[in-house]
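For reference, the structure discussed in these notes is given below.
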């Protein structure tokens, strides 16, 4: 074997090693959490509230809070984001406003999530007097997920072949009718995928809800959108760093982490499957 | 009949444009909000003492101090540490995916990396506490493994998916003719990668690095949980640190609305926002170049 | 020429700084088939797409002059473009049925105008599919996705879809270029049948096709109409040197 061949083989193995190392992080996270969190997981854990200073009981209020706040975020972000994306892909021509809009969206996607928290606090909680609540947190998360929804929706719209738009217009459809009846249905799988990913991102975020409505502990399930709420990620943070007997509640923290991660991974897996299923949607007609 | 349809057509056109305009307003709103609240802070604290001092002690009795030096340095230390770990690993993985791995392997690995990106930061922070911290304290003989190194390792994991996807795109954008040229001269795949492909997409790799940096510098929960939270100037990776984001997260819950301390946290946010904005803008302009070139 | 359906007067079209169509003056008679022929890039598709204002989609297109559909000024900014497109249907180069069922494809235009009576729609769908010679093949599976049809069937479905809104003119942009000879023959038969009810303008690069179906033929070159007349005259007794060279296959 020549020296060149030797370096090649070593080099390629090195690249493989990098890849395996990267994947091993996912492996470690999954293995550690699921192997240790599994035992504390039970139906009771999911269906009861914490008790005895959070050293016992379950996480029902946190699950409910996370679900609600994610739902509120989606309800606001989805129509708004899809409308923005439709404007960008279907109506906008290349001028200063469009460029400003695209630049805004790109940069919004890069804004740290805690900055959204600060913004939510200043705008929703204080300026609009909504108060620390599910609604304020949901709106904050909506802003956070907005750039994702816009970007993925725009891509989905872009993938709908122009031939369909032309066909609809040539049949006497107005622009809006062509969008409603042909373009949007065609882009739906892509929009759905993006929405699921945005959902999963919103469900796992902590920093934006920190000052806008999440509570250390609530005894009851939230009764209105103006209530404070418990959330899974914040609950995990509390159990793993802020509790007075950290070692005692470690199993609960593990189980909470498993539920949170499981939820997020399920959403992501379903998005990936959706994408694979509809990958060849336009292949035949393009 | 026709009038109604035309009406709705115009209505929706305006509705969509309105939504788009609102979107720009959100960015301007975030920017304006940080600026406004930051300005209020500088009414009572000088910019110089804010940036120049390392003593952050807003609740000191009598004389509160607002110096962000230690936090800024902690943030940079942890983030740069993360880059040192993540960049070689990320580029190596990207090179493997785009140049070595057969298609079916890539089809499995890429979703796995997406899943890695999807792990919530609070879960990553938890892993830092229960997995990484004990390992660090055992290897280096420390009493506590919650320090800058721990944060760097975790942030590296969080930066990897971004770095890999942008770097892979950059490597793919290198025209095949370049590689064929090298092969024709008798170079093997490794030599081609190292001497032709990677140098040809340096700008893309830089963009990948910067976007990864932009991703981790604003990360909150992970560093809040895993870096030990000591509000002091760190002397190395084994010191516990407290980043800008962690400070905001911890203190915002406790300060009364409208105090200097409150506005000080917004000023911290403004600094963070500016740093990430500059990094992202630079990265985007570099990335835009290689994307154009790849077409 | 008797009974003019479309009259194009001093028509010019620019894409940005490119002058694509130059001083077009041409008239298309009712219930006849007119073929537009010429080498690629001569502007024949561009001219066709001007007739239903498809260029509205391109921001840098600039149209000047006058196009009359009977007494309707097609290019006038106050003329409702949606109304134009209902009178002037179009079939595209590549079959582009919607990813909906066969039935819904044909019903699409009817639903837009607010025809909600399902029995009316059903009757109309059936008659259009029959007129387009595709009823026999599809009558038992109208709910099947249109994307599962063959290319030739898809194109006939697109014709059915176009005539369902009862246009006066049908524009066809190289409708057979993506099809096999048997499908092509079916479509040509169909066109000869349809001209009894509609005015047809067809762009084709296939000179045999023009001779088989067209009553009149216009030869275009570099954005100008070089020669226009009865198909027999254009192919057998061309007046212009350029036309002769083209129809004899010397270029293009």
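Note that the chains take the letters A, B and C in the order they are written out, and that residue 1 is the start of every chain.
Everything that follows uses one rule, which is that a contact is a pair of C-beta atoms (placed from the backbone, for glycine too) under 8 Å apart; a residue touches a chain by one contact, two chains touch by 3 or more.
Keep in mind that this is a model prediction, so the values were computed, not measured.
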{"item": "Farthest chain (mean CA position) relative to chain B", "value": "C"}
{"item": "Core chain by centroid distance, with centroids computed from Cα atoms only", "value": "A"}
{"item": "Chain pair with the higher count of C-beta pairs in contact (A-C, B-C)", "value": "A-C"}
{"item": "Rounded Å distance between chain A and chain B, as computed from the means of their C-alpha atoms", "value": "17"}
{"item": "Whole-Å separation of chain centres (CA-atom averages), chain B against chain C", "value": "55"}
{"item": "Centre distance in Å when chain A and chain C are each reduced to the mean of their C-alpha atoms", "value": "48"}
{"item": "Two or more partner chains touched - positions in chain C", "value": "82-83, 112-113"}
{"item": "Residues of chain B engaged with two or more neighbouring chains", "value": "5-6"}
{"item": "Shared interface positions of chain A, touching two or more other chains", "value": "174, 177"}
{"item": "Complex interface listing, chain A residues touching chain C", "value": "93, 161, 163-174, 177, 181-182, 185-186, 281, 284-285"}
{"item": "Residue ranges of chain B touching chain A (in the complex, touch as defined)", "value": "5-6, 8-9, 11-13, 15-17, 19-24, 26-30, 33-34, 37, 88-93, 95-97, 99-101, 109, 111-116, 118-127, 129-131, 157, 160, 164, 188-191, 193-194, 211, 214-215, 217-221, 224-225, 245, 248-249, 252-253, 257, 265-266, 269, 272-273, 276-277, 279-281, 284"}
{"item": "In the complex with chain C, residue positions of chain B that touch it", "value": "1-2, 5-6"}
{"item": "Contacting residues of chain C [partner chain B, same complex]", "value": "80, 82-83, 112-114"}
{"item": "Complex contacts: residues of chain A adjacent to chain B", "value": "4-5, 7-8, 11-12, 14-19, 21-23, 25-26, 28-29, 32-33, 36, 80, 83-84, 86-88, 90-92, 97, 100-101, 104-108, 110-119, 121-123, 126, 143, 146, 150, 174-177, 179, 197, 200-201, 203-207, 210-211, 233-234, 236-237, 240-241, 250, 253-254, 257, 260-261, 264-265, 267-269, 272"}
